[in-house]
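Shared between the two complexes below is chain A, which has chain B as its partner in the first and chain C in the second.
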Partner chain A sequence: MWIYAAKRVLYAIPIALGVSVICFSLVYLAPGDPIQSLIPPDASAEDIAAIRRLYGFDKPVVFQYFDWLARAVTGDLGISLQSNRPVLDEVTRAFGNTLAIAVAAVILAFVLATFLGTLAAFNLGRPVDKIATSISTLGVSIPNYWMGIVLVILFSVQWRLLPATGMGGQGSDGFNWFEWEQVRYAILPMVTMAMIPLGVVTRSTRSAVADTLSQDYVQLLRAKGLGEGRVVWHALRNALPQMLAVMGLQLGYLIGGSILIETVFNWPGTGLVMSRAILTRDIPLLQGTILILALSFVAINLIVDLLQTLVDPRIKRS
Partner chain B sequence: MTRMHRFRAPLIPSALAALLIAPAALATGPALPGGTLTVAMTVSDVPDWAGMPDQGFEGHRFVGYSLYDGLVSWDLSTSDQEVDIIPGLADAWAIDPENPNRWIFDLREGVSFHDGCAWNADAAVWNYQRLIDEAHSGFNPVDFARARSRTSTIAEVEPIDEMRFALHTKEVESLFPYNLVYVLMVSPCAYEAAGNDRAAYSASPSGTGPYLFGRAVPGERLELVRNEAYWNPDRIPQHERLVLLPMPEATTRAAALLSGQVDFIEAPSPDMIPALEGAGMTVVLNEYPHYWPYRLNVLEGPFADVRVRQAANYAINRDEMVALLNNTATPAFGAHTTNQRNFGDPYRFSHDPDKARALLEDAGCLPCDVTIGISPAGSGQMQPLPMNELMQAHLSAAGFNIKFEVIDWNTMIGVFIRGAVAHPEYHAINFSSASMEPLQFVKSFMKKFQTPGGSNWGGYYHPEAEKLLAAALESFDADEQDSLIRQAHELVVEDAAQIFVVSDLNPRAMAPNVKGFIQAQSWFQDITPITVD
Partner chain C sequence: MSEMTTNHAIAAQIPGEDVPRGERRSYWANVRERLGHDPVTLFFMGVIGAAVGAALLAPWVAPHDPYATSMLARLRPVGTEGHLLGTDELGRDMLSRLIWGARTSLLMGILPVLVALVIGGFLGVIAGFMGGAVNMVVMRIMDVFYAFPSVLLAVAISGTLGGGMGSGLLALTLVFIPSLCRVAETAASQIRGLDFVDAARASGAPVYSIIVTHVVGNVLPPVLIYASSLISVSILLAAGLSFLGLGVSPPTADWGQMLSSLRQGIYMQPLVCALPGLAILIVSLSFNLVSDGLRQAMDIKS
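Coming up: the complex of A and B.
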């Protein structure tokens, strides 16, 4: 398994390079110019040229790319054009903030989805199944930013139970999962973020568990007199690899940051950073964010693959 | 003739220095009110606090003018008068009677930076020199770029004595002091103590402004603390702490105010205002020098014909646009708002679609195909999508055939910077304007300032207005300047140089416990008088 893991890590290198080339090219192909966010609208042509030179944008794009790449492999992702802060600091801070609610949202969704999906599979066609399926459909169908706004109106504006925005009274620096005063800031964005994984994983769990229940060996288990609790355990264990695969993908999507959810809740994560970088053509920040996200996506998939091997010995890795 | 001085770095940090200086003020004045004012700004990041701010005028409004001062300041003390410049860190300034390119500044005595560094001619020279000289130890491309449109006309910085220095301009420019209100002075001692490294300086910035730096969480919040030793006792903050939060989404800002997380929000959306007022929030509006126009390409295409430009101005129903915006705007009848001293008495285009159609027919442009660049969002662009839809309806009813090209804000800025010559595909662009100071108006309508290098996007030229504005730039008599600009304004409005639509009223909302805010007629505001119960 360790050889397999090492190979997967090595595979991540060309993936990261490919991602960096693609995103660098796309940013330059898009209309707009990073220099435009740095200069006043009435700047003269000479001043624009001088500023372009000072920032290094007068060099050919290929040279700019290799300059960036040479620094990136040493961990230096450059300086954000807009904030003048190191990109690595900006991205790691935002990544940590998104990770905090994304992991919590995935755990919440996983627990609820396992319960609802299993319940539905054991009660196919009955009202319980219909309720679980409806919840799953709503989770996937309702735009999550709309859900976020509704939750804010209810829990923050009307009932004043939870804060509407931000990541704690002191910002993310003071955020602590073990203090209720801080955790309450994470509840609404976390619940909103959990809606789509809840829907997707409930459906996938229902389908996987129902499929397992239709197998002959389940009939045999029941015929041998096993209690329904043991049957559930067997069914879930067989469905788990599929659920893990779906959950891993969902976690990857969430870590990419939801621009809309993070905007609604003013949550200082990767979604907000990406949207800022795109709108201002902050190329170093965009490059750094995409690179970190791509690498984390590869890492998550690797972890999921390894977990699948652990929970299901039938899946062999060479 | 410039010379450089080194400054002694202070041995005490800024907050401690302020505490040492403060007792004098505390001993004589009444106890200052406490409280924390939490503001939700519209920007997506905390404006840069390490010198020249970013994030447009909002950066200057909340961060720049809180931590720093310029030689020249804005008078933001009233809500019923047009805002103009007043002495800041310079007590007085005058043009050298023998050299119309040499401005002499008398600096304010007894002012110190937050870190205790003295404000004097050496500090002024250091600040200006670093913005124009790449070889200067304090030079950095960030401040250079942000200040450039205000410093590009400076040819030389000249120290005169301990409290006087001079700035030489490359050509005669009577409106030059309006540039200086945007150029903010940082402590040379603090900068040098940080090794002339902007990032290191940002950990302990030091200006002369009414607030001291408290703490910052990058991208999330900036906390400033009252400077009790501020040199202008009338502007010592009436709250102990100021917390600035970037919050770009209007709905989020409104929710934050309604849930009690913030005390003061910028730019609530017009349709949220009734709900905010219903919940007991105070919503304030005021005219300020802003207008929302279509800037026209007069070099080629349909708008090269004055009849087409006038037809477009007749086609617009400005009152309906104001109603669309829930009365958070007023009709615009020119590049100045009606209460600005240089508005004058220009021709006022009424809503007359029949006249518009007749003019188009006369010009041989009926239907008149026009392509307009618009953006879905952007600084000062108000509610661009519904507003442009209404514009399309008005113009179509009068015989125009409007095609919109929607481009994002960054791309739009590029289109503006490069000018109509580089973008003949657009007959007009929707790009709002801040007609805050006379120089802005001059740069928008003089051929000499055709983009790039000015704000005259469409290459507008009116021979008589050009002469008047050129004369204004060379006149050092303020009344004469105003008179010349006023006349030029009347001419360009009659000539329908742009399609003037509405001026924003800049709504702001605050919690019931927030008192004392005076909304000046400006893009900038003085938040120091605010008390928070």
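Coming up: the complex of A and C.
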């Protein structure tokens, strides 16, 4: 297992490098002279020359990449054009806010989906199964940004129960799950975010549990008179590693894809930072945010894979 | 997926294996027949057909000019005389805009998957069939793109390019190539080792003709099933890009963009403002259910 783990970690390195190459190339994808996208439009000629030298735009692209990489590794992702603050600071501040609702959404989805999926698997073909399957199909078909708007219409406009947008009095700094005044703001974004993982995990739980239930040893468990409650426990235990893997991937998708929901709710996370960076053509900020998000996705995948080998002794990969 | 692929391979060797009376029927005839017995899939195919039809016939079907604004008739409710689904924040007829919007929304949803199907399928077949170093290079490059969550990759590319329909199409196509390539690669590499391919090779058939006659036919079903499930994702993503302002430019009707510009009206006409999202939901749901139906019809074993 340790050999597998080491291999898996090593394998993540070229992927991470590849990701960095793509993020680096983004500056060149941006229309116009790359230098134009790195400096404010009112910069003086000396400033432009200084930045050109600083970024090594006089050198071949490959050297530019390694210079950029060397800086990125030390945490220097450049300066945001809009706020004039280091990109890394901007991203890390926002990252916590995204993480807060993404983790909560995944937990919410996991609990609901485990319940729904298990219930469906034990009642294959019955109305309960049909309902669970419909919910799961709806979860993956619904445009969640639209669902967010609908929730705002219902809970904020019609019933005036929850705030429509923003993150409350604290502004954009440090979200706290233990203060109701702040949690109120997080409820709608969290529920909206939970929709896709709810759909995906319900479906995979249903099929994993149904798979387990069709195996001989479950017949044995029932034959020797075990209560259905214990059978559920056995079935779930075997389905758990697979569900865990799906969950981890979903968390990664939520963190990386938070831009739509954060735009709807004006939630000050990484998605909103990206959205703002696109709007203001703040390429260093956009590039830095994408790099951090993509790398965290690589890291999450790695952690999930490693956890899975720990949890599931059946996985013996060479 | 792997199990399924092998089944198709076997099905290709023994056509009509599940038809008892020795009657030989092609795989696709079986699929058609199975679909004929699936009312849910047929119904949602009809929904998609209606949406596509409305999009194609927009100039004739739409009751009003989708660009005609009216300062006096802004944000009228659903059911207004002359405006069946109300009007938007500039007084434009919602029904007409939804019909015209179907053009861009469906195009942005379907085209990237088709292009990615061709490119990803081609790369996957080559990588899977050739194996070795070719496989290594192609698949490791795909892995890197795979390392991005799809929304992030789409937003990264189209956001850096500055938005617009072309960049949106490019971004979405790039998002779907890696996964389609993977599915094609898995299918193709399984065909590679089968006896009938060895037989073809032994009888002197050139690689290219083996790929065309044996590999493509067996790779197609799993790749098509997978691609059909991507269309719903693509429609959601494309509308999402427009919602973020990265799609078509403003006066052009597009569901995602309508949803975004109508947000200011949710306090006055919530129902009207929810309509574009409803359109996205109906189409995406239909594609999802049709894809499920196709999967069942195309999976020989079930």
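Quick notes on this structure:
Operating definition for what follows: the second predicted complex is superposed on the first by the 258 of 318 C-alpha atoms of A that agree within 3 Å, B and C clash if a C-alpha of one lies under 4 Å from a C-alpha of the other, contacts with A are read in each partner's own complex, and residues count from 1 in each chain.
Note that contacts are C-beta pairs under 8 Å (C-beta built on N, C-alpha and C of every residue); 3 or more make two chains touch, one makes a residue touch a chain.
Note that the structure is predicted; figures quoted are calculated from it, not measured.
Touch criterion not met for A:Thr92: it reaches neither chain B nor chain C. Of the two partner chains placed by the overlay, only chain C lies in contact with A:Pro14; chain B stays clear of it. In the superposed model, A:Val157 makes contact with both chain B and chain C.
Of the two partner chains placed by superposition, A:Gln64 touches none, neither chain B nor chain C.
By the touch criterion stated above, A:Asp42 is placed in contact with chain B alone, chain C being left untouched. By the touch criterion stated above, A:Asn123 is placed in contact with neither chain B nor chain C. Of the two partner chains placed around the shared chain by superposition, neither chain B nor chain C is touched by A:Ser207. Judged by the touch definition given at the top, the superposed model places A:Thr309 against neither chain B nor chain C. The contact surfaces that chain B and chain C form on chain A in the two complexes overlap at residues 31, 149, 152-153, 157, 263, 275, 279, 281.
Considering their complex, residues 140-141, 143-145, 147-152, 155-157, 159-163, 232, 236, 239-240, 243-246, 256, 259, 263, 266-267, 270, 273-274, 276-278, 280-281, 284-285, 288-289, 292 of chain C touch chain A. The residues of chain A lying in touch with chain B in their complex are 31-33, 36-45, 47-48, 50-51, 54-55, 82-86, 89-90, 93-94, 149, 152-153, 156-157, 160, 163-167, 170-173, 263-266, 268, 272-273, 275-276, 279-281. Interface residues of chain B, counted against chain A in their complex, comprise 44-45, 48, 50, 54, 134, 141-142, 144-146, 148-150, 152, 198-199, 202, 217-221, 245-249, 251-252, 255-256, 258-261, 407-411, 413-414, 416-417, 443, 449, 451-455. The part of chain A that touches chain C in the complex is made up of residues 14-16, 18-19, 21-23, 26-27, 29-31, 137-138, 140-143, 145-147, 149-150, 152-153, 157-158, 252-253, 255-257, 259-260, 263, 274-275, 277-279, 281, 283, 286-287, 290, 293-294, 297-298, 301.
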